[in-house]
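Presented sequentially are two complexes of chain A, the first with chain B as partner and the second with chain C.
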Partner chain A sequence: MADTVLEVSHLTVSIPMGKEVFPAISDVSFSVQSGKITGLVGESGCGKSMTARAIMGLLKPNCKITEGSILFDGKEISHASAKERCDLSGNQMSMIFQEPMTSLNPLMKVGRQVEEALRIHTKISAAEAEKKTVEIFREIGVPDPEKRLKAYPHELSGGLRQRVMIAMAMICRPKLLIADEPTTALDVIVEAQILSLMKQLCESGTGILLISHNPGVIAQVCDDVSIMYAGTIVEQADVYELFDHPMHPYTQGLFNAVHSLSEDRGELDVIPGTVPDITHRPSGCGFCTRCTQVKQQCESSFPVMHEPIDSHRVRCHLFDGKESHEHAH
Partner chain B sequence: MSTLIETSHLTKEYKRGKQSGVKAVTDVSFALEEGETVGLAGESGCGKSTLARLLVRIIKPTSGTVTWRNKEISSLPEKEFMNYRRKMQFIFQDPYASLNPRMTIRDLIAEPLVTYRLFPDQEAVTERVKELLQAVGLDEDALYRYPHQFSGGQRQRIGIARALGPEPELLLCDEPVSALDISVQNQILNLLMRLKEEYHFSCLFISHDLSVVRHVSDRIFVMFLGKICEMGPREEVLSSPLHPYTHFLIQAHPLPDPHQRDVKREILSGEIPSPSNLPSGCLFHTRCPFAKDVCAKEAPPMKSFGTRQVLCHFPLHSSNTEENPQ
Partner chain C sequence: MKQIVQRLLQAVLVLFGVALLLFIMVRVIPGNPVAMMMGDHADPAAIERISHELGLDRPIHEQFFIYLRNVLRLDFGTSITLGRPVADLMTAAFPNTLKLAVCAAVFAWVTGIFCGIISAAYSNSFIDHLFMGISLLGLSMPVFLIAMVLQYVFAYHLHILPISGTDSWKSFILPAIALGWNCAGSVARLMRSSLLEVMEEDYIDTAYAKGRSHAGVLIFHALRNAFLPVVTMMAVQFSALISGAVITETVFSINGIGRLAAAAINGRDIPLLQGTVLFSTLAAVLGNLLADWLYLLLDPRITEAI
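Our next item is the complex of A and B:
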């Protein structure tokens, strides 16, 4: 059994909009095991990035963690001080972002940027740091590493920039890597290259949280998957179980939408309507305005997480009273 | 079926002082039939958008010609060209950037109608705008609202309504759904397919996503570094690609099925060559695992196999198809 690197439970983050305060994400629970890839899927605005930022301690000052806990390697970090964060970030946990161009410093050679974390977190000579950087460039497939160290970000292609970002995140061999849409800005061939690199990285023991809007990407590399909708996790299972037997009407709708694109059908399957924005989320189930199987209680009461099959959880009133076993919370 | 628009040896080169120029589009020749939808696929920077813009002359070609129903239009004076431009309308990728935030929806959709003086007075224009809103599935109360009050999917509907206004015969869709969430993507694709049935326009549909291209297209063109490297009917191109690049593009497509991930996919390694420093011979030979000596020396000719064409010395799957006599 792999070690749990990250355990997020009942996380709620609130954000003020005007005079009111809205929960941007509510009751989010999942875990990341070392050497495994956990996927977080959802459409824009569902709270995926907010979750990642809460874990990394990168929330904007007006966003507050109001409930729940984030255990990293057994330690509570949801309200860690700036100093504790400094010790963790870039060292034991790190993050890569969607757009590699905007997250690299355009005025600094990429080699220096990759070394930075190493120089901060370990007592290491400049020559030694450069050697390690060349090593990691070679490991993640940057061609001609000695030369690339001295390149500026604008001199590199999108795929190479993303590799530099990954090198930067991995240089201190973190226990946890959060990848927020790492391939969305890339072409499919480069995407496939980066995904196979992620797989290779997790084999060395790092636990990865992969955030994506694309079920195709998730199906290719993840071990466990959580589906997010309107600020909460609506379904959770291992990747095979989830894709074979999706239970939540949203998950089913999402998968049908993707599948109908790759099969031959006349009209494509759609989920009617649009994602409710944060100030207009229904008080009951977030999906009730678009759900085809909506019942009366869906509009009034927020569904709890059910576990109709072992290790397959779903947050939906259709599964009220259908637990696989009696469990004491 | 007759040919609607045709290009011949269309080329766009950006000069850079005394240095050699950047070739964005090189020697592209194709014909688009009436009522046909062609999907244009390829990676970013391969010249898909430039090609579409060359057709409408948003960008002026360096050389080559564009023919509209057998009439050469690429050298027409601007005033005369306007008549043709009206028949080719654009839908853009980013529904946030392509709508002026300070204009109401009514004015946005009315703008082309006013520019081309299609209606006698403002009232008639407003009536037409209402009709268009209805056609794309938006309520009439959208008329006097502003773009920021709409979601991405709704904005793309507004963009489509604006494009349909002048009754185009060719709709150029430049990545119309790639900025949208999947559930909304399908709504827009269904809408486009339905409108196509109703209004009978031809369509050049640009997308980097092969599953989207596959769904909407009759034929598929694949571009690589400014050249079209393969053209053919959709199913044939996707099930038995002739060009190695098409093959790798299909292989890299992430399938939404975890059971297929253990099937060994062939992933192309390396990087796309820089368009300012193109390789000799076949543009793909630096990455092509099937390349032979001749590929580095000679640029391959466009070969025809029935309804299919490919720009390659050694096309895949070609043993069971006969090459057309030249």
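Our next item is the complex of A and C:
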């Protein structure tokens, strides 16, 4: 059994708006094992980035963690001080973002930006740092690394910029890498390359949290998957189990959209409707406004997490009273 | 490279255009400009003589070439009101204007940048509201009012600084503050808004995710990016300062370009007016070139476009 690098339990992040306080994410629990990739999937606006930011301590000032815990390597970090964050970030845990263009400082050579993490966290000479940067560029497949070191972000393609971001995140060999939609801004071929790079990185022991709105991306590389909708985890299982037996109506809808697209290249069979804004979420099941199997209690009562099959959890009233024997509550 | 040549050409064109405009203006003003210049009771013979001296009795194209040649030689003729060559007057006045401009710029930029950064770092705090309130006051208060308040408080009342003149470096403190006040206000506001905008950028999150502290993010990532628009503003401000501050120089009796310009307008002194206006144009053009060049130096993305 691999070590658990990250254990998120019952995490709730709230945003005050006007006189009310709205939970942007609530009761989010999942874990990331070292050497494995955990996927977090959901349509845009579901709270995936919020979850990632909460873990990294990068929440905007109006967002507050109001409940739950984040254990990193066994340590509670949900309310870590700025100093503790500085020691952890870029060193033991790091993050790459969706937009590789805007995520790099436009006025700084990429080599310097990659070295920076090393220079912050280790006492290393400039020459040594540059050598390590060349090494990691080579490792993650940046062609002509000595020359690329001296390039500015705008001189590189999107794919290369994302590789630079990965190099930057990985240079201190972190235990946890959070990748928030790392391939969304890239074309399919580059996406495949970046995903296989992720796979390669996790084999060296890093645990990865891979966030995407695209179940296809998740299916390719993840070991465990959590499906997120309207700020909560609605389904959770290992990748084979989940794709073989999606239980939650939202998961089923999400997968159908991908399948219909790849099979007959016809109309995208998307779930009708949109993700409710955080101020307009139903008090019951978040999905009740779009669910085809909605029942009477769905609108008023918030479904609890059930475990109908071992290690396969689902948050839906359809599974009320269908716990697997060992895990009955 | 192409862009640089283009910019230089533009600069030359602007200078030529202003020179041409000055030339035309003097000639299309109805009536004899010399007569106007000398007032109602002037001796016709004297008007004749000065018109001749200024070359106003020659064919127009000839006048223009002589004018252009003289301008290129920095020979603007003799000031009518002050009786000395315009070039000499301006050479004597320029060091004072330059000193005043440098002092005003240093005051304005140091305080503007400092207040802007502090305001952004503690945005919406008491100190932010205080600084922004003062800067708004700086922007909306006329220079002569600031000048007179400063004179009253520091020279007349407290006796710690000279009330006017150019005798020592101390004499430049009050005029520099009066003149720089406006610039400081606009620099502070731009610095603040630019920094707040930059702090919202994705690469700032990247820097935090790398383990930079607040101060580290500010120093290594945010400030340089936030400076870009401020630098342009500073270059333009400096060219405005250097072309002479009419009011400040007048209030503090500083013999500078601004006062020459004021004298030229009051006395309808055409040669002096031509000299001072062309000088301000040159300062503005150089200021803009300087801004372009600084941007080139600071922003690698621009080099690409050239």
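Couple of notes before you dig in:
Just so it is clear, the second predicted complex is superposed on the first by the 319 of 329 C-alpha atoms of A that agree within 3 Å, B and C clash if a C-alpha of one lies under 4 Å from a C-alpha of the other, contacts with A are read in each partner's own complex, and residues count from 1 in each chain.
The rule is simple: contacts are C-beta pairs under 8 Å (C-beta built on N, C-alpha and C of every residue); 3 or more make two chains touch, one makes a residue touch a chain.
Source: prediction; values computed, not measured.
After superposition onto chain A, the modelled positions of chain B and chain C are compatible, with room for both.
Of the two partner chains, chain B is the only one that A:Ser157 touches; chain C does not reach it.
Of the two partner chains, chain B is the only one that A:Ser44 touches; chain C does not reach it.
Of the two partner chains placed by superposition, A:Ile70 touches none, neither chain B nor chain C.
Contacts of A:Ala230 after superposition on the shared chain: neither chain B nor chain C is touched.
When both complexes are overlaid on chain A, the residue A:Asn91 reaches chain C alone and has no touch with chain B.
Of the two partners chain B and chain C, more chain A residues are in touch with B.
In the superposed model, A:Gly253 makes contact with chain B only, not with chain C. Of the two partner chains placed around the shared chain by superposition, chain C is the only one that A:Ala82 touches, whereas chain B remains out of contact. The superposition places the C-alpha centres of chain B and chain C at an angle of 70 degrees about the C-alpha centre of chain A, rounded in steps of 10.
Chain B and chain C never share a C-alpha pair closer than 8 Å once the two structures are laid over each other. Looking at chain A, you'll find no residue that touches chain B in one structure and chain C in the other. Touching chain C in their complex are the following residues of chain A: 56-58, 82-83, 85-91, 94-95, 97, 99, 102-108, 113, 116-117, 120-121, 152, 154-155, 165, 168-169.
The touching residues of chain A, when paired with chain B in their complex, are 43-44, 141, 143, 157-160, 187-193, 195-196, 213-217, 219-222, 239-240, 243, 253-255, 257-262, 267-272, 274-275. Looking at the complex, you find that chain B touches chain A at residues 43-44, 151-154, 181-187, 189-190, 193, 208, 210-212, 214-215, 248-249, 251-261, 265, 267-272. Touching chain A in their complex are the following residues of chain C: 201-203, 205-214, 216, 220-221, 224-225, 298-301, 304.
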